[in-house]
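Chain naming follows the written order as A, B and C, and within any one chain the residues start at number 1.
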Amino acid sequence: MKLILFYLRKLFAVVKNEVIVLPSRVAVIFFFLFILLLPFFTDDIYILRIFTLASIFAIFAASWDLLSGFTGQMNFGHALFFGVGAYSAALLNLHLQIPPWGSIPLGALVGVAAGLIIGIPSLRLKKTYLALTTLAFPIILLGLVFTFPGFTGGELGISGIDKLAPTRVQEYYIIAVLMLGLCTIMWAITDSNTGIIFHAIREDEIAVRASGVNTTRYKLMAFCLSGFFAGIAGGLYAHFMRIAGPSTLEVSLSFQVVIWAIFGGAATIYGPIAAVFFLYPLVEFMHVLKDYRILMFAFIVLLVLLFMPDGLFRWLRDRVEEECPRCKVRNIATRKICRVCTAQLH
Amino acid sequence: MKLFKKLIFVPVLVVALTVSIWANAFADEIKIGVIGPMKFVQGISHWNGAVMAADEINARGGVKVGNKMMKIRLIKADSNEFLSITDATNAMERLITRDKVHFVVGGFRTEAVMAMQDIAMHRRVIFIGCGAAHDELCNRVAKYYDQYKYFFRGTPFSSTNLVRAAFIHVGTVAEVVRKELAIQGPLKVAFVAEKAQWADPMVPAVQATLPKMGMELVGVWRPSPVATDVTAELSAIQRSGAHIIFTVFSSSVGIPFARQAGELKIPAIQVGINVESTKDDFWQATRGHANYVVASATYARDVEMNEYTKPFVEGYLKRFGEMPTYTAGTYESIKMSLVDTIEMIGTLDPDKIVETLENRVYKTPPSTIMYVKDSLGRHTHDIRFGPGYATGLAVQWQDGKLVGVWPNGWKPAPGVEVTYKGMKPIKLPPWMIQAYKKK
Amino acid sequence: MSLVVDIIISGVISGSIYALLAIGFSLIFGVARIVNIAHTAFYMVAAYCIYAITNYLGWPVVPAMFIAVIFSVILGMVTYKLLLNPIREHEGAVLIATIAIAMIFEQIMSLIFTGTFLSVPKLVEGFFAVLGVKIFYQQLLTLCAALAIMLVLLLFLFKTKFGLAIRSTAQDREVANLMGINESYVAMITMGISVGLAAVTGAIVVPLTILEPHMWNPPLIMMMAVVVLGGLGSLKGSFVGAFILGFAEAFVVFVFPMGAFFKGSVALSIMILVLIIRPEGLFGVYFEEER
């Protein structure tokens, strides 16, 4: 009993001193609560569908950020991992009767392999060349998909895949909780030493190499991790939509994820996730505007880029938070002195 | 800036919710969802056909359901299926769960229709497909009858039958070619099918069937469905000495193919499936070079299949300024398939409607509909093909006019001859006649 | 034998189309380091302009082409000034911005002209036969235009003062700025030239193809493959790369008539192979300081 109280008090202290202090962390808590409690506020299947799809795309976007935002390897063919994950999970489920909790991770492993396949040629390429090369990979795979329709189902894709769960609400929870978990893991990766190295590779690869770090290994690791998470997103998508088709490999999907990530703020992990949850439902609910939907979407993106080129959510965060010049800890912007080292903030 | 964005999100959400609540307030209406790629011709056709049907029915007072008169309310849903399958599934789900429609008609792209079908069947909502020809859609009905029985094929008839019809057309054209050019020996046929999955099974079919029809297959070409320059293929086809070009196109490649074949004066006649060629604006799109192209179609000016054809075609022409295409089949799906059945049994209950509809034989503007069972005796809700039922037409562009050329003295079986009103004879391109007279 | 002739002629024609597009794309990349995903979208806008003018106003093709090109150039320069110049420092943002611009153009065209397939009259009708292969005069025109434009551009870049300014900005932006060249102005004019090239390509090539709101997608992929293969920023590389990939495509179409659909993938695979061996493309210059 006393033990429980102790831990409760500790939790309370942590929340008071670490979480409430920063608006961005409060926002994250609210986001978690929102996602977890959504089914209690609405049982409208359509809204749950929107947020389920948003969760899948959030994992996808975050995985892009892990690779391209952090290590700077601009990946314009991210749909490759998504499509590979979707098709693999679908094929495993259909032909080998592996249930979703098996086919999705296995599909993700195929995504890792795809990461290696793209990663190795990309090691020597720089920025724009890399971007355009990665763009080519899903297109080539798409060509292969159409050339072997017997195996891949051609334009119709693979249908008749198992559902993730019997009811929409259950599906929602599986995917949403998975999203929260995976994104937390991705965040943890970027916060760790590995994450620092990723970031450093983006800033100045030669300096990192000069420091004795094997950048090749880390770059390949980034590709594989990104491929893994995107593959999971693809597998979830296949089982949710119950169909895995060539639409999972489209160029527009690759572009879409880049737009989401940069709109939200690259190299942040939370940026792309927030962007997906902001833009995807917005575009869906704008269906009352019918024909002008995509136009509005593109306009919003352009406007945000003009005024906040580092990303919307990074801009928001910078408005409300300030970094202490001495101890580099983040503080809420309304404070005059740092909460940790009491240095002047402005 | 961010405040603006926050502010606009809320009113939009409110408007969306209000509209959907308001929509449900009118409970004494029959809500029919029309789903299709509304920014494209196919979706526009879906909507037009549906609007015509709904207006006609509402004008006569509505639908008699038991002892109540109910009006029809159409709800348009843009599936955007050409660009996004998720959009299509979202739209279907919105129609069913938000707008709470009783029935859905429409659909075009097979990949999307399969996914949309899953959703409608899951919710036990009757869905009449008006655009996708894939056999699998009806195979599912046979295989999983209890779940999929709510799906019926509206138009076109299945791929298998489309192919059958195309072969018949090729044979008919071959007869004309042989007679007019006095050719001995087998006629040479070049087969050009867009590289799309639905056309793949046709290659072995063509390889097997043409020799039996007394023709020689001189080559198979598979351009991309969205190819814009087919001069390479056309050069090769000319070199092969083909008399007939058997086309299988449903996408945009049908336009440059006809245009460039006409511009290059390839001495062969095109016949087969070329969906773009059945549209009124094909002539302009090919800049007048599409003369003598023969293709399968559902409607043609001045052609009557039965007593419903002319009023529908003329009504459509008058109201929308162009000939209807097959996706306007939403008209008969609503008016004849759904409403007539509802009035017959006096209820909106989907199970009862399915039970009655699948056994009906009834006339619609393009044909007489009877639903077939497969070889195991299971219902497929697929349309029967054959004389007296659904046959479709073959049309040919003749000097800027699209005229009907088949069935014109078609003899499918001994003692049976079919000719619809308004048929014209097939013409061969003069440059082809010249090329062969020179020989 | 005639198969080989077919391949050569078809390859030359495709090559010239890609060369026209790739040169424009390469130019703006070399000078302003902008990967203009909307390049082919401008090509589409020009094509629709020509359609609108010849169809709704009934004017003949040649004046329509001029107006379309001028309109596109102005549109391009305005777009650059308002939307791209402010965010030039953030390369990622520029990329996305050009994607968004392309999407906006596509949507506007779709709204005005709907998704129906349209076509535009040829500048020169008719065809002729060479070694048993029929060629449209329009296709010959494309080839001549590609060569002519290449020549004019080379003269402009190497013989005029402004050309010198462009070349120096392409080589080293900061130093050019120090030397007194208004590199923002140079970038804007280069954008105009680049878009102008895209528009001219549209005017010449579009009668051979179909007009619809997604028409900017397939040439975009091929054009980027060409530019990467040839080496970003190198005009000579774009020209050569265009013909290499043009021939590769023609080869696939003729030798594998069943796999005509696969030609895009083959071209891209060639590009990747070349890049593995030579990461800066065939003629690209490898900037060590590029960050």
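Keep in mind that, in the parts below, contacts are C-beta pairs under 8 Å (C-beta built on N, C-alpha and C of every residue); 3 or more make two chains touch, one makes a residue touch a chain.
Not measured: the values here are computed from a predicted model.
Distance from the centre of subunit B peaks at A, each centre being the average of the chain's Cα atoms. Counting C-beta pairs in contact, the pair that comes out ahead of the other among A-B and A-C is A-C. If you average the CA atoms of subunit B and of subunit C, the two centres end up 37 Å from each other. One finds 41 Å separating the Cα centroids of subunit A and subunit B. Between the Cα centres of subunit A and subunit C there is a gap of 33 Å. In subunit B, the residues that reach two or more other chains under the touch definition are 39, 195.
Touching two or more other chains at once are residues 146, 291 of subunit A.
In subunit C, the residues that touch at least two other chains are 259, 261.
Interface residues of subunit C facing subunit A in the complex, by the touch rule stated above, are 29, 35, 83, 86-87, 89-93, 95-97, 99-101, 103-104, 107-108, 111, 217, 221, 224-225, 227-228, 232, 259, 261-262, 264-265, 268-269, 271-272, 275-276, 279-281, 284, 290-291.
Within the complex formed with subunit B, the residues of subunit A that make contact are 44-46, 49-50, 53, 146, 149, 153-157, 159, 241-243, 245, 247, 252, 282, 284-288, 290-291, 300, 303, 307, 312, 316.
Across the complex, subunit B meets subunit C through its residues 37, 39-41, 82, 195, 219-224, 226-229, 231-236, 238-239, 252, 255-256, 259-260, 263-264, 276, 281, 284-287. Subunit A contributes residues 74, 121, 124-129, 131-133, 135-137, 139-140, 142-144, 146-147, 204, 251, 255, 258-259, 262-263, 266, 291-292, 294-295, 297-299, 301-302, 305-306, 309-310 to its touches with subunit C in the complex. Only residues 1-2, 5, 9, 12-13, 15-16, 19, 38-39, 78, 83-86, 89-91, 93-94, 97-98, 110-111, 114-115, 118, 134, 136, 195-198, 200 of subunit B touch subunit A when the two sit together in their complex.
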